[in-house]
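Below are two complexes that have chain A in common, paired first with chain B and then with chain C.
On to the complex of A and B.
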């Protein structure tokens, strides 16, 4: 699987600068349906996460709620599952979502990330309006995106989930928008 | 002549250590860094800057605030640029515009003498009769119209947009805005302060608020320091807020960026526009507003040597005269329209310095020098408050006239929000009311003019903003300002005219009055008829005068007459800023790299990129023929990942599909597919696909590449009403899809390793299965879009490349050929299959396109069913038919017209040369009477050549469907597990990976 960033001349900047990383190879899956929250509970995961919130489950990764019956399970430090997906129900009223296949996962870090994203996205992603744990399902550079604000390796980051078919386009738009912030970057 | 630049505190904006030069009209002009093009030109006593729009009269600076058209110039990059906004340092070449010959000697200035033949509404009246006369004059008028010249070779610059979010947006960085921003920020709000000037301070940077001139400087210093140091305030200078939209959505442009500001509250501290006095030749270069002279002195230190006359309608003009005296200018006279100054100290200060005062007097006429391009003298007459002119009092030689008839609030942004601007005849003043929720006013836009009142009003606005944000606001200060700044009638008609009301449009007093005489009583009609206020200054200096003139001409008060409506934008803005950075999303399938490796020529399909064919562009037709031949005689495969995919799960999934699509789905067996046609409520076919029943409560539905988003949206919308028990998920990107088609397709799949029975008996036509292929989980649909035995393989998208490679390897022995979209279009056309969107349009209903067979008339409801039934009961107006032509005939193109007795009855929707049939084949809308096979239709091709095409029965190829069904056998319904609950589950165990 190729990184959408591979063909773009991108280098990360310093600690102050913005860094865009490709997590397409990291593990993610989803579950959806009226039985989705019961399924999470049966696995010892919190199912009471409000929609558009993301919860850090420590070594079990992140649980992101996109609605009351759709949850994404994200593990930035684990490789994508080699298990073949099966479209059959996971439990009564709970079906798998092929997040690994449907959505690319990019991660943006660096202090001016909200200011940079304001060039591409109409949602206020500043800390005041979009604190840690918040999720926005919105548009970025004219394409749909899910933006999650969470900690990763002791740093606040934005995880960006865009349609897999748009991964290269989205990465290009992000890197272009980053150029004015990254003196040592692109 | 100028006396060189003035020392500090004059010339605050220039760096005297950094001289700069540029050329204007080919002449080298010297100035300093910080100079604008205008200030540098005036520094060299160059006052003629432009020619007027209609009469080509000489024009010089009026406002020096970027609020008028008198300083429009041309640069190599762009026309119509405001010279006071162009830094001299960054603008090496400047020329005038709108002249014939030279700026100084414009041959078009002859038009000024022909003014009597160019009355108001000239264009409307002169070219109305006789019919067609406009076409004669149009070429001359268009050649003369416009101001500058667009550089069509200029390279576009990079523009982009950015959102900005804040609690309080303060528009205007003058004393009111600075106080409002500071108060709001100190109360805990995040503040955005926007100012169109390069420096904060507004009038504090140039205006004298007291007789001694000691108040403004310290006030500016204190406010500017506090604001710039405050972490809660973001300052945007050189930035223009060009509109106010609902919920405080503010477009602000700065440089090459358009900020889309989202504020919770908005404080308008936009100030006010100084008003000119209207008298004969009030447009001569050398006549400018008092504030413009103050800017020239205080910002740029330019001090003309010629004597100055000040024409005052208020006390502020007296203070301008005092500032001019401080700068060493010769003030030849102060002419006051009123009986005298309200503040006696001002009168004393001027008389003590020997300035002659003329009260209850006006400049009745300005006179030009020998060149006709510069003020040389003014004639002063006695006057009354009603505009009547009395005795000739004096003839005063001068090169400079500064005037102030009053101030009009910069009301544009407030009016964008629906605010009402009211004029009060008793005090000749304005007020703004009916402000939208969350909009606040501060300062002179709120009709306050003393510095103390303006600052207090700013602080109050900051407090009001805090209160609206739910923050602690503190006590409101009292604000009072009794200063009367507007003269009630600063308009002095002259028998010889040339008293300009609107400088942009060259409109005189008589033009406005004549508009009323012609019946245009309403101020909005006057605007449209006369074009007053429609130039770049957007009525800033003409709206009030026009209202006064119309009020008098129609025997009404000014308040009854009103002023014209202000609409966005406030100032002209480059189109590049509105366009911003261009975003053109491009979608790539997970097989994109495979296609490139195989030499595919990629073509757009909506936002996707798909292979058109494989091979070199110059061999396009041969490549398509080769690929088609492979599918017809062997096997081919095509990437159809762009097809939409929607999963519908739940006990009501079948019922939902039954309501959405035209066909019946309640009894569709598990393991079968059915063609699915979607009509809208008007009965128009809007999409189609295949619905595969994978389980009792699980359907997988495909939709067209460009239609899936709409289909998904419609499904969600309908189920919001129906509230059926099912889940709808758009899984388009989760699955890639490959269609393997051709007589050997089954063999290739078997060679790739499939755990399903692929035989005709085990996997009949229109069946669907889930299984393993090449070790991958695959949904298989046996469909025949291209008219051959075929399997559509849907696989999780990141596995598509592996599947593709496996199929390519397995197909080696069968000479498997990948084929592209162009080949697919040919093959499906041979089979007579339509493409929704290509062979249909916004009017196509099932009866027109031969899809009545896909309608289930027995079910009680489907979306659009009622309309389809009604349409079916009416005679057809057109019908989609197949046609053929011999290979020697001109090949019609999509869109070519179908004619019948010379009338248009339809158009060609698809047309290709079929190598299989060795004929040109196509689909076209034709008159229903011509739809019988064997008949003929007339198609007008390129260059008007008409061809007679033979109507053919569809499909053109394999009419018995023998090839795609290939020994189809009726199969028993497969055994699937029974539902274990209303929400069906067939999972033995959960398989979450974490």
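On to the complex of A and C.
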């Protein structure tokens, strides 16, 4: 998958401790409203996910709950939808959220990722305070970010969602912070 | 670092929050006069003591209510607005859509 942030890439040695990947071209969609959980249930997806939790539905992707009325469906291995955004309700009390258009998706992996993120973010992202399945809506390098801790290809990763217009800035800040750990890439 | 407790996201740096004004009882927008509406939108009581205020956790766009002592700046309690507001309010403009 080609990265729109290629200009920030630089060569890794193949044994990176930290790797930053660009998932801006991967599929993600959201649903919001009082009827959002009913809509998920009607599609056979779990709706009893507590706010700020993410649930892996294997080949059906990841379901991330940002509140009791807002869910994002993430598909890291599927291409982004090219469908035209539509503001019509999906079902009674459930409206689409075009998080694919609003938020860039970056993915950070590697053992020291929590230690590195401590340079940019005030929330403790260590395993003790931020276990797998947890989501934090906070700030990173002074911009709003959603951080999700989940598995991807048998490895624990942080998915980072920032405003599309801030993607290049956020990736630059991350790569700068990663440089202390002497490893990087996108 | 000053910490505020967000009812949805937990304790966070105060820099993650945006102030949204005092919580007032809204006059009926259909019947109130312009000065009453302006007072509701722009004016605040200037008493010292515990005030009830709107705050937003900016990264999650979540609005909630905080009770704060505006003399000591101690935040005493934060809670979901659903505790105070249970009904949806739809606004109608004359001859327009809601």
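Keep this in mind: the second predicted complex is superposed on the first by the 171 of 186 C-alpha atoms of A that agree within 3 Å, B and C clash if a C-alpha of one lies under 4 Å from a C-alpha of the other, contacts with A are read in each partner's own complex, and residues count from 1 in each chain.
Quick note on the criterion: contacts are C-beta pairs under 8 Å (C-beta built on N, C-alpha and C of every residue); 3 or more make two chains touch, one makes a residue touch a chain.
Bear in mind that the values here come from a model prediction, so they are computed numbers and not experimental data.
For the composite obtained by overlaying on chain A, chain B and chain C cannot both be accommodated without a clash. When the two structures are aligned on the shared chain, A:55 is found in touch with neither chain B nor chain C. In the superposition on chain A, contact of A:134 is made with neither chain B nor chain C. Contacts of A:85 after superposition: chain B is touched, whereas chain C is not reached. Set against each other, chain B and chain C touch different numbers of residues in chain A, with B touching more. In the superposition on chain A, A:67 makes contact with chain C only, while chain B stays out of contact range.
With both structures placed on the common chain, the touch criterion links A:122 to chain B and to chain C. Contacts of A:43 after superposition: chain B is touched, whereas chain C is not reached. Aligning on the C-alpha atoms of chain A brings chain B into conflict with chain C at a single listed stretch, 652-660, out of 652-660, 760-768, 904-912 or 922-930. Touched by chain B in one complex and by chain C in the other are residues 122 of chain A.
Chain contact summary for the complex, chain C toward chain A: residues 1, 8-9, 12-13, 15-16, 57-60, 62. Those residues of chain B that touch chain A in the complex are listed here as 160-165, 190, 260, 262, 581, 583, 585-590, 593, 608, 641, 647, 649-650, 694, 698, 727, 729, 731-735, 770, 776-777, 779, 796-799, 980-981, 983-987, 990-994. Residues 1-2, 27, 29, 31-35, 39, 42-43, 45, 60-61, 69, 73, 75, 81, 83-93, 95-98, 100-103, 118-119, 121-122, 124, 126, 128-129, 141-143, 163-166, 168-169, 173, 176-177 of chain A are the ones touching chain B in the complex.
Chain A contributes residues 51-52, 66-67, 122-123, 136-139, 144-146 to its touches with chain C in the complex.
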